[in-house]
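You will see chain A twice below: alongside chain B first, and alongside chain C after that.
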Partner chain A sequence: MMKLYDYILSPSCYKVRLMAALTGTTLDLRAVDFHPGLEHRGPELLALNPAGSIPILEDGDVLLTESSAMLVYLAAKAAPDWLAGSDAKEAARVQQWLSFSGRLTSSLGGARLHEMLLRPGDIGALQSSGIAALRELELGLVEQAERGQKFLAADRPTVADIACFPYVALAPDGGVSLDPYPAIRLWSRRLRSLPGFIEMPGIHRLHELKPEPQLEKSET
Partner chain B sequence: MTVGPMFDEWYPVGIFGQLDAAGRKTMLMGEPIVVARDDNGDAKVTDGTGRSLPVCVRYGHVWTSLGDPKKKLFAIPEADQPGRRFVDVGVVRVRCSPLRAVENFLDIAHFPFVHTDILGAEPHTEVQAYKVEIREDVDEVWATQVEFYQPQAAKSASGGITTQYMYRVAGPTSTVLYKTCPPRPSEWDVITLFVQPLAEDLCDVWPWMALFDDDTPMTDLIHFQQTIFLQDRSILENQVPRLLPLDPGMEMPTRADLTSVAYRRWLKRHNFTYGAQLVAQ
Partner chain C sequence: MTGSWVPVALSSDLPSGTVLPARIPAGPLALWRSQSGRVAASADRCPHRGMSLSHGFVRGETLSCIYHGWSYGQAGNCLRIPAHPGLTPPEAIRTVTHPVAEADGVVWVAVGEPAATPPGLAGLVPLRSITAFVDIAAIEAAAGAKATAEGLLDAGDIRLLLSSTREGETLIHVLIAADAGPAERIAAARTAEALRRRAEDIQKKGAAQ
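And now, the complex of A and B:
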């Protein structure tokens, strides 16, 4: 079974857990004491990933330390529909947003770590680069809507959506509001409605998708 | 505003095990402070002028006060009980009133909606009647005979159980809960929320636990509690008004809010108003 070095509060680890859930893949989760223990900077994990970051995914002789590569790996093995098709524009868009997701991590992710877990950083600069990235994403989604496509790179969800979604959805944790971005909110709702979607702390379940309490009661 | 009587109370300012000589620069109710380890390995807290502040190391954390504490830090006898594991969950900053962080911890009714499938689940949303009192001898708020159905009450719980709770407010920003201990039904698990007020609308929260659980790895215990608290955090940061209202104004408390009502009454009685809204707007 694939083994994921995981931290429950890490949006990058959540990308991999979410992709696994959406593709019906079971992961063996190995909890890493990122906070307060800084275990990711300890000798055992540095030996696996000299960059000192998590997630880390192990599968036999495959060892991955970049979350976008993990998304591609999970999709290729279990659900190739989540990868880019043969259309040149679609393939390029998937790649474009996978790379773009790194900007979300460094800006919105940095702001979140600063505001929540007291990690050092220039909070003003992190938040403004996060806002710039959100504006770009909003525009990208509006352009997709003009093309009649509901997701970032195609009319179906792809690895690009999963790569971008977590840091965007958790932007308020870093003091960045999502109120100004209607296309992002609609897109987030679409992703949260996908069969098999799982939550993480700070990303709440869509309440209206839960069974009606009254209905459930009368059925039992 | 002036801090008032909360000036003389004890507050958590760091995990003792993580202190070094360089120290942790932080704030306490608007005052810059440094929490460090001195040459003897003891905790030392100094304010912006270099003045040494009162220090006490207890429950994994360093405690201090800007003023002159009238009482020793509150007792948690379970902290000395053999066989328990002590969990320093780690600091989490929340942009909310320190009093709101405590009040949220005392609330049971939000479990099915915020901690879905862990501490609560629909349709089990009813909060049964429970008892609340201000214990005059110890000057603490206590809620007892609290019961709630929980799908996964603790890391050590293997399925849904009806969990018994007791809640206790031991200081203006320190609260302790006692809950059913799945592996040892005759004992209570102890889970605390120690809140460091940085400003009236900003706090560092230091959860700590004393559990009977020999099987669960420490990291899993930490992550269970971090999961719960981070689910609360996004709610806390969106509460309006930001300060805790001590004037009921337009609010209509229900029976389920009895602990909150007693906590607010107790705060008012002591003039513990740092982080409170005194007149409804």
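And now, the complex of A and C:
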């Protein structure tokens, strides 16, 4: 079974857990004491990933330390529909947004670490670059809608959507409001409506998709 | 006439069964559309614990708070308190609501006592909404044109409907001809971004002086 070195509050780890859930893949989760233990900077994990980051994915002789590569690996093994097809524009768009997701991590993710874990940084600059990235994503989704496509790279969700979704959804943790982005709001709803969608702290499912819970007679 | 219609969102950004945060001068709103398509605007505050109702969810014909699930109808009256399933909530538990009108693909909220119907869009249709962190004056300066009393602004290469959401923040609805094709629409979406950049640069330079 694939083993994921995981931290529950990490959006990058959540990308991999979410992709696994959406593709019906079971992961062996190994919890890492990221905070306050800094276990990812300890000798055992540095031996696997000298960069000192998580997630880390192990599967036999495959060892991956970049979350986008993990998304591609999970999709290729279990659900190739989540990868780019042979269309040149679609293939390029998937790569475009996979690379772009790194800017979400450094900007919105940086602001979030500053606000939640007091990591040093220029919070104003992090939030400004986060807003710039959200505006790019919003425009990208508006353009996709004009092409009749509901997701970032195609009319179906791909690894590119999963790479971008978590840091966007958690932007408010870093003090960046999502109110000004109607296209992002609807895209987030579409992703959270997918069969198999799972939550992480701060990203909840759509309660309205389930019937209203009723108390049992014995509980009233 | 002692009021106005505020264009708070585009109809297409509020599908059935959804809620979104909006803003009028009186404060933040939870703007929502029921499953059957009826739009309502409530103050963005649950009377129970003050949680933003725009964080909530729409199930059927009610808006529910994300915190404890208190549910409200179109008129703002509380219909259900999940922790007290046998209780019919008293009339006094209600959110403040505002009259809403939907016209030309725009959702308008009445502030004060405006005319019977919202102003028209000069034959145009809305394309998208963007938020600029500037006052309307900076957008007018960037466009080299003045907005009408209704907020319509003709910037030559692009037409806009402007609404001041709070000091230093303006909601811009980009308008376009109804028969424009996808390429023209994408170009207009990008032109609006360029205008916003110019307006925000103007405001920044003004603040630096």
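In the analysis below, the second predicted complex is superposed on the first by the 213 of 220 C-alpha atoms of A that agree within 3 Å, B and C clash if a C-alpha of one lies under 4 Å from a C-alpha of the other, contacts with A are read in each partner's own complex, and residues count from 1 in each chain.
Assume contacts are C-beta pairs under 8 Å (C-beta built on N, C-alpha and C of every residue); 3 or more make two chains touch, one makes a residue touch a chain.
Keep in mind it's a predicted model, so treat the numbers as computed, not measured.
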Contacts of A:G102 with chain B and chain C, given as first, second, both or neither: neither
First, second, both or neither for A:G121, with chain B first and chain C second: neither
Which of chain B and chain C A:R189 touches, first, second, both or neither: second
Contacts of A:E146 with chain B and chain C, given as first, second, both or neither: second
Which of chain B and chain C A:H35 touches, first, second, both or neither: first
Touched partner set for A:G85, first chain B, second chain C, both or neither: neither
Contacts of A:L206 with chain B and chain C, given as first, second, both or neither: second
Chain C-contacting residues of chain A that also contact chain B: 204, 207, 213-214
Parts of chain B lying in touch with chain A, wherever the complex brings them together: 15, 18, 88-93, 95, 113-114, 116, 122-123, 125, 204, 217-220, 222-223, 226-231, 233-234, 237
Complex contacts: residues of chain C adjacent to chain A: 9-10, 13, 15, 17-18, 20-21, 57-59, 64, 66, 82, 85-86, 128-131, 182, 185-186, 189-190, 193
Chain B-facing residues of chain A, complex: 7-9, 31-33, 35-37, 39, 115-118, 172-173, 175, 201-202, 204-205, 207, 210-211, 213-214, 216-217
Residue numbers on chain A that touch chain C, as the complex places them: 135, 138-139, 142-143, 146-147, 179-180, 182-183, 185-186, 189, 204, 206-208, 212-215, 220
